[in-house]
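Before anything else, here is the set of structures, which you'll find just below.
Note that subunit A is present in both complexes that follow, paired respectively with subunit B and with subunit C.
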Partner chain A sequence: MKVRRALEARKLELPFLETDLPLNLDLSRRDILKIAGYGSLAAFIAACGGSPTTTSGSTTGGTMSIGSYQSDPGVKAGLADIVNAFTTANGGTKVTVNTVSHNIFQDTINAYLQGTPEDVFTWFSGHRMRFFADKGLATPIDDVWDAVKSNYTGAFATAVKGNDGHVYAVPTDYYPWAVFYRKDVFAAKGYTVPTNWDDFKALCAKMKTDGLSPIAMGQNDGWPAQGTFDIINLRLNGYDFHTRLLVGQEKWTDPKVTAVFKKWAEITQYYSPAPNGTTWQQAADKLLRKQAGMYVLGLFVSDEFKASGKQADVDQLDFFPFPDLGTQFDAEKALDAPIDVYMMSKKSPTLSKDSGQAKAFLQFMATGSAQGLFFKQAPGSIPTANNADTSTYTPLQKKAQQIVSAAGKITQYFDRDSRPDFAGANGMQSFLKTFIANPQADPTSLQGKMQQFWDSLPAEV
Partner chain B sequence: MSTVAAAPRALRNRRTPRPRRIRPARIALHAFLIATVALWLFPLLWAIYAALRPVSETIINGYLSWPKTLNFNNFTTFWTEADLPYFYLNTLVIVVPAVILTLLLASMVAFCCTQFSWKFNLVVLMLFIAGNLLPPQVIIVPLYWVYLHTPIASFGSIDIGRFSFALFSDNGLLYDQYIGIILIHVVFQTGFATFVLSNYMKTITKEITESALVDGANVLRIWWSVILPLCRPALAAMATLLFTFIYNDFFWALLLLKTGDKRPITSALSNLAGEFFVNNNLIAAGALLAAIPPIIVFIALQKHFVAGLTLGSTKG
Partner chain C sequence: MANPATSAVPARASKAPEAGAVVATRRRRRYSLLTRRDKVLIILMVGIPLTLDILLIWGPTLASVLLSFTDWQGIGTVTAQNIVGLKNYKTLFTGYAFFWPAVEHNLIWLAFLAFIATPLGMLLAVLLDRELRGKRIYQSVFFLPVVLPLVVVGFIWELQYAPSDGFINNAFGLVKSGKIIDWLGNPSINIYSALIATSWRHIGYIMVLYLAGLKSVDPSLREAAKVDGATEVQTFFNVVLPVMAPINVIIVVVTAIEALRAFDLAYIFNHGTNGLELLSILITNNSISEASLIGFGSAIAVVLLVISLVPIIVFLSRAMRAQA
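Let's look at the complex of A and B:
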């Protein structure tokens, strides 16, 4: 308006200019800038009004969006297949997928969920899920769960509940942690799979005399040793103590934790050399090259075997559950089996419009057929649905499915069960590195540091 | 006798064996230089060596082994799998406008603060330079909220295949937009650019500005037609530096963008690292490819770059 008035005023002042070319106004560069400035400002203001949102009652057709950390070529293709199948099954729903690098997605999740997230996003079960549910950044999906829960075992039902008792996620795949070994090495040397602690230690001693590194360990990145801590604590002190400890309801200075480190110190002498300077992949290479006998890690160790390009090596890979420690908690058969889930965000600008489609998608993700599509492209993790087609499973995958369904309790791994700052590089990762560097030292001072660090952390919400 | 005989020998010694006497020092110097060069080149050569080898071979034999196969497969895989041309374009639409805008704005500030005497001359200059000392991480939380709550108009977009540059926002916000990243780079680089350009402009005598004024040029004209051409070496040097700074940025794009497809090349590298398994040979190939554009820019502007370094020094 102001601009127009100014222009009109100018025209009135200088009527003789009308005879010239209409655009040939006597404008200096400054005037032009001014006009451009006011013009764009007006356009900006005009566009600032809220855009009207339409709500559709239908759950078919329409649109929805997914924020995905499935960035590797295999898993990315797997999700694309699922999306195509969903679009066909759901009356042509248009799905936009925002794929973000796996690590970046994790690093920026907090900002992402508070900004303008997609309707549905990929995430993890455990404390990591409950944390964002507590913060009100995820939408409860009890109705979706009611529709699909018959397709899941009880362990999964516990894994998707928030602290408020509502369901916040649909589990889609998981992988177990166990003790990996090469069948050919065990056969050649006449080793047998140990089921209790004494046998396990005896086997380690025998491997050492045979010139092998009994247990491969790559603690360079800080997190791999957390798996060993988890399993010893679960076997020694039980599921309840472990989960309470990881969320701060038990003290790190507890003698029960001392017992974990004392027990652990009995096998650290059998670790491969320089564990704190070895990455998990380098440690896996030791198992692959038959330099190490065993390796406590997740099923993803098979990725390294596959990348070596030799199927013969992949076929030799096998695992057994961590040996019993002779406590009452052996019967729990608890183990780390991190579950990947899909959740519904809260702050998505499109959610009010898309929530029907988003819920339909989550329901679709809970079917064995959809999970099978993903599994075909990404065989590193196992589908969660009861009606998933198991006929294409390799022996390793079948075994993984068996030990997880046999487990009475499932934990999600240290860094998914505890708060991220405690599990991270300044916290437990560095404490475990200290322990690995000098396992025979009295653990009580280290435990004191753990508790001190926990107490120094700010309240989480 | 001895003194007479000693004199010519001393003379001879002084004349001819002089280069020979320096030789041990020279050898030491060159040994040192070669060692330093080797030390500097080692990581680069190691990356090239790793990039040329398939990952299966290094898994089985380790990185410290003689190669059985050397090929460019990692480079081609990275180019196609990581969609490299697309991410180059992403970086380009952020870096080029950001560098140009920064140089224009910084040269304006530097021009006013060095060529004219006014009351707040020094204060303004200090303000811009002080902005340099502010670590960007400090303001990240408020900045994030500013970006989430700043409405920006949508006028459509420029589409090139899969690539789409929104004018000026596709979600009505500053958050998750190319333009938001461009702006934040301009804001944070202007301080440093102002500092360098004003130091350079101080070496330009005020008589030039004054004679231009006498000739009837207005301030904008003096800036554009008189001062900027004289600053070409400094501008080229700054352009090279700014290009590298902004090209290398990971932080802003990580925080102020949420769409994976809008992130610059630096994040394409991390796209190749899986949840657990990382193909380090592929990453090495990717890092080498990603390092090429800044080198090209340096080569293109290097003539000005060196001129910019030396020109200031002779003016004293």
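Let's look at the complex of A and C:
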């Protein structure tokens, strides 16, 4: 079990750790045929009857299909509940869900969207959403968004827009990145939550003298340090620079980037030992076992606490937003809060017939009640809709919701905001390991390598 | 062909005086040992594997070579715009920060297996070939890791190497004294950590191969050497080793192949980054997964193919010479 989890944790998509084994893909193909069959049958009947054709305009009844990476038992059950509720609410629409193991879905997304995808598919917001929109593999859904946008805060509205200004996705859930700590440790040692950089460093120094590893860091997996890069860059250089940098409109050799690494190097001495050889779970374990004081990670760290089996530990987990760095960009309160979305494909063979139902489904997904059904099964993912029922939230979830709604700008995390080839293992993940291994070295040569690597990549669009 | 002396098997087009002989040969050929059924069977038995081989191995190989001249990213069809000539290779050899480290690591891998792990495996085989008490137990112990998939070997060793919870750092008291060694995270030592893990398995593998070979050495050769007063070491190097030549070739080729296809451990340990870059992992990380730099990944694959051809050709030429 531990081995399997460790295997799956190699990928970023953490809320979905307990993935099923790869799904039988034949089944999906057959399903598509089946749907296509139903469709042509329906069209045939409609044509025979000579009744006024309403199939294209109708949004109730009929069929639609979803390609889903929600393969973990919890989230899978959540989606099943939503589908049932939708079928009831939408005049008996028959929904076919094709669930594919999360990592496989992600790795094969290119081929999937070009082949015969389902009408609606699960995906992430950010650059990866805009990428497929630009490639013409997603259908704009401005009409759906117009109908539901009153139910969302402004940050979500920016997160679902493509480069062409059209809306391509409906956000359904998210989790924030922050600095996690144990309340009991802070209470016992009399620590207070730091709000600015100097207090943060002072707290680290104090923890060190108290025999704690001030900040847990598990960079073996490559991606965790990207979260720290994101937040320091956001605080130091602002949202606009950060997003432009990640898509190559700014240079990695920019002195502003040097400043990020210099700032970062001020706290690397407080990292837990051997960060590059520690997995993120081992680092989480340090926080759990009170060996480390703080941990910069996503809300999914609570899953690791839950896995310990002791609710008492989960109850002690708390977090605070990354401290201010004393720049004008502190006011943005920007943070990484990866948003999961539903999108409409372009090449689905059934889409022309199902588009009404698909849009109805996307609209349904934008309601707090539908998202609540999902949340009940998957408490690591916080609903996005304004009218979601927050009465069942734990204090941690409430707080997560608060800091995200207080954020002026939301980013999606490095590997969702940038090109996957640049962000990946033999790219930025490696460069950040080099930095972590020797943080006091002059970062400019490393920055040169980053820029050189970026320049060697073929044009993405 | 011009030289009649060499035309023992006459060319069909030949209209020389020996034409009658040619006809006779032809006739004799017609009554070949193979019946019609045999021929159909041969065509089927050679043809089907050959078709599969071309379809599944040489087709994709050729496709990879062709793709390596493009910047195709797996979306849409390959068009003329995608053709970038030698750009991928140029980037690879001059600009890509991970290529030369990967080549270096593959070479270290090869050297370590060839000069340390493989000789150790051979030594174990020689030792276990003698009449020892509990020989079977030793054999089983050394062979056990070979049964495990490399992925599992990776997990086992990852747990041993873990910085503060791992067995090694704790067993040597490094955690207590605060001198934790980052076996997998320190880029200058993690390749050796991986090599120790891979040797753990490789040694047993070589041992079994070599032991099988040793069993086939005629015992009278050793006895003769003993009678002549040769020491154990002399017997091994001057008698046993030359007799084992065919096995030795296999061992060398197996070692080379193991070094070139090294992948699993480094991938498990840290996705082949930070000192564990390997060519096979660069291919995977670039072309499979969401990155989809298929053209660039293919260029790395072509480089690996060219390197792999060396041991393959050596092996094949050896095997063919042995048959001739």
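Quick note on the criterion: the second predicted complex is superposed on the first by the 405 of 461 C-alpha atoms of A that agree within 3 Å, B and C clash if a C-alpha of one lies under 4 Å from a C-alpha of the other, contacts with A are read in each partner's own complex, and residues count from 1 in each chain.
Note that in this section a residue touches a chain if its C-beta (ideal position, glycine included) is under 8 Å from a C-beta of that chain, and two chains touch if they have at least 3 such contacts.
None of the values given here were measured: they were computed from a predicted structure.
Asks: Once subunit A from each complex is brought into register, does subunit C clash with subunit B or fit beside it?
Replies: clash
Asks: By the touch definition at the top of the document, which applies to A:190: first (subunit B), second (subunit C), both, or neither?
Replies: It touches nothing on subunit B or subunit C.
Asks: Thinking of the overlay built on chain A, is A:349 touched by subunit B (first), by subunit C (second), by both, or by neither?
Replies: first
Asks: Could you say whether A:71 touches subunit B, subunit C, both of them, or neither, answering first, second, both or neither?
Replies: first
Asks: Quick check for you: in the superposed arrangement, does A:111 touch first (subunit B), second (subunit C), both or neither?
Replies: Once the two structures are laid over each other on A, A:111 reaches both partners.
Asks: After lining up the shared chain so the two structures overlap, which partner does A:99 touch, if you call subunit B first and subunit C second: first, second, both or neither?
Replies: So A:99 only meets subunit B here.
Asks: Just to be sure I read the superposition right, which of the two partners does A:457 touch: subunit B = first, subunit C = second, or both, or neither?
Replies: In the superposition, A:457 touches subunit C alone.
Asks: Would you sort A:211 into first (subunit B), second (subunit C), both or neither based on which partner it touches?
Replies: neither
Asks: In the overlaid three-chain picture, which partner chain does A:165 touch, first (subunit B) or second (subunit C), both, or neither?
Replies: In the superposition, A:165 touches no partner, neither subunit B nor subunit C.
Asks: If the two structures are placed on top of each other, which part of subunit B overlaps subunit C: 56-64, 74-82, 92-100 or 110-118?
Replies: With the two structures superposed, the offending stretch of subunit B is 110-118.
Asks: State which residues of subunit A lie in both footprints, the one left by subunit B and the one left by subunit C.
Replies: 107, 111, 114, 285
Asks: Residue numbers of subunit A touching subunit C in their complex, please.
Replies: 3, 6-7, 10, 106-107, 109-111, 114, 128, 135, 137, 219-222, 272-279, 282, 285-286, 291, 419-421, 424-427, 429-430, 433-434, 437, 449, 452-453, 455-460
Asks: Using the touch definition up top, name the residues of subunit A that touch subunit B in the complex.
Replies: 29, 43-44, 46-48, 51, 67, 69, 71-73, 98-104, 107-108, 111-112, 114-117, 280-281, 285, 288-289, 298, 300, 303-304, 307-310, 349
Asks: Report the residues of subunit C in contact with subunit A in the complex, numbered from low to high.
Replies: Per the stated touch rule, the residues are 71, 73-76, 84, 91, 95-98, 151-152, 155, 158, 161-165, 178, 180-187, 190, 269-274, 277, 281-282, 285-286, 288-293, 295-296.
Asks: Taking the touch rule as given, give the residues of subunit B at its contact with subunit A in the complex, in rising order.
Replies: Spelled out, the residues of subunit B in touch with subunit A are 54-56, 59-60, 62, 81, 144, 148, 151-155, 171-173, 175-176, 220, 254-255, 258-261, 263, 267, 270-271, 273-279.
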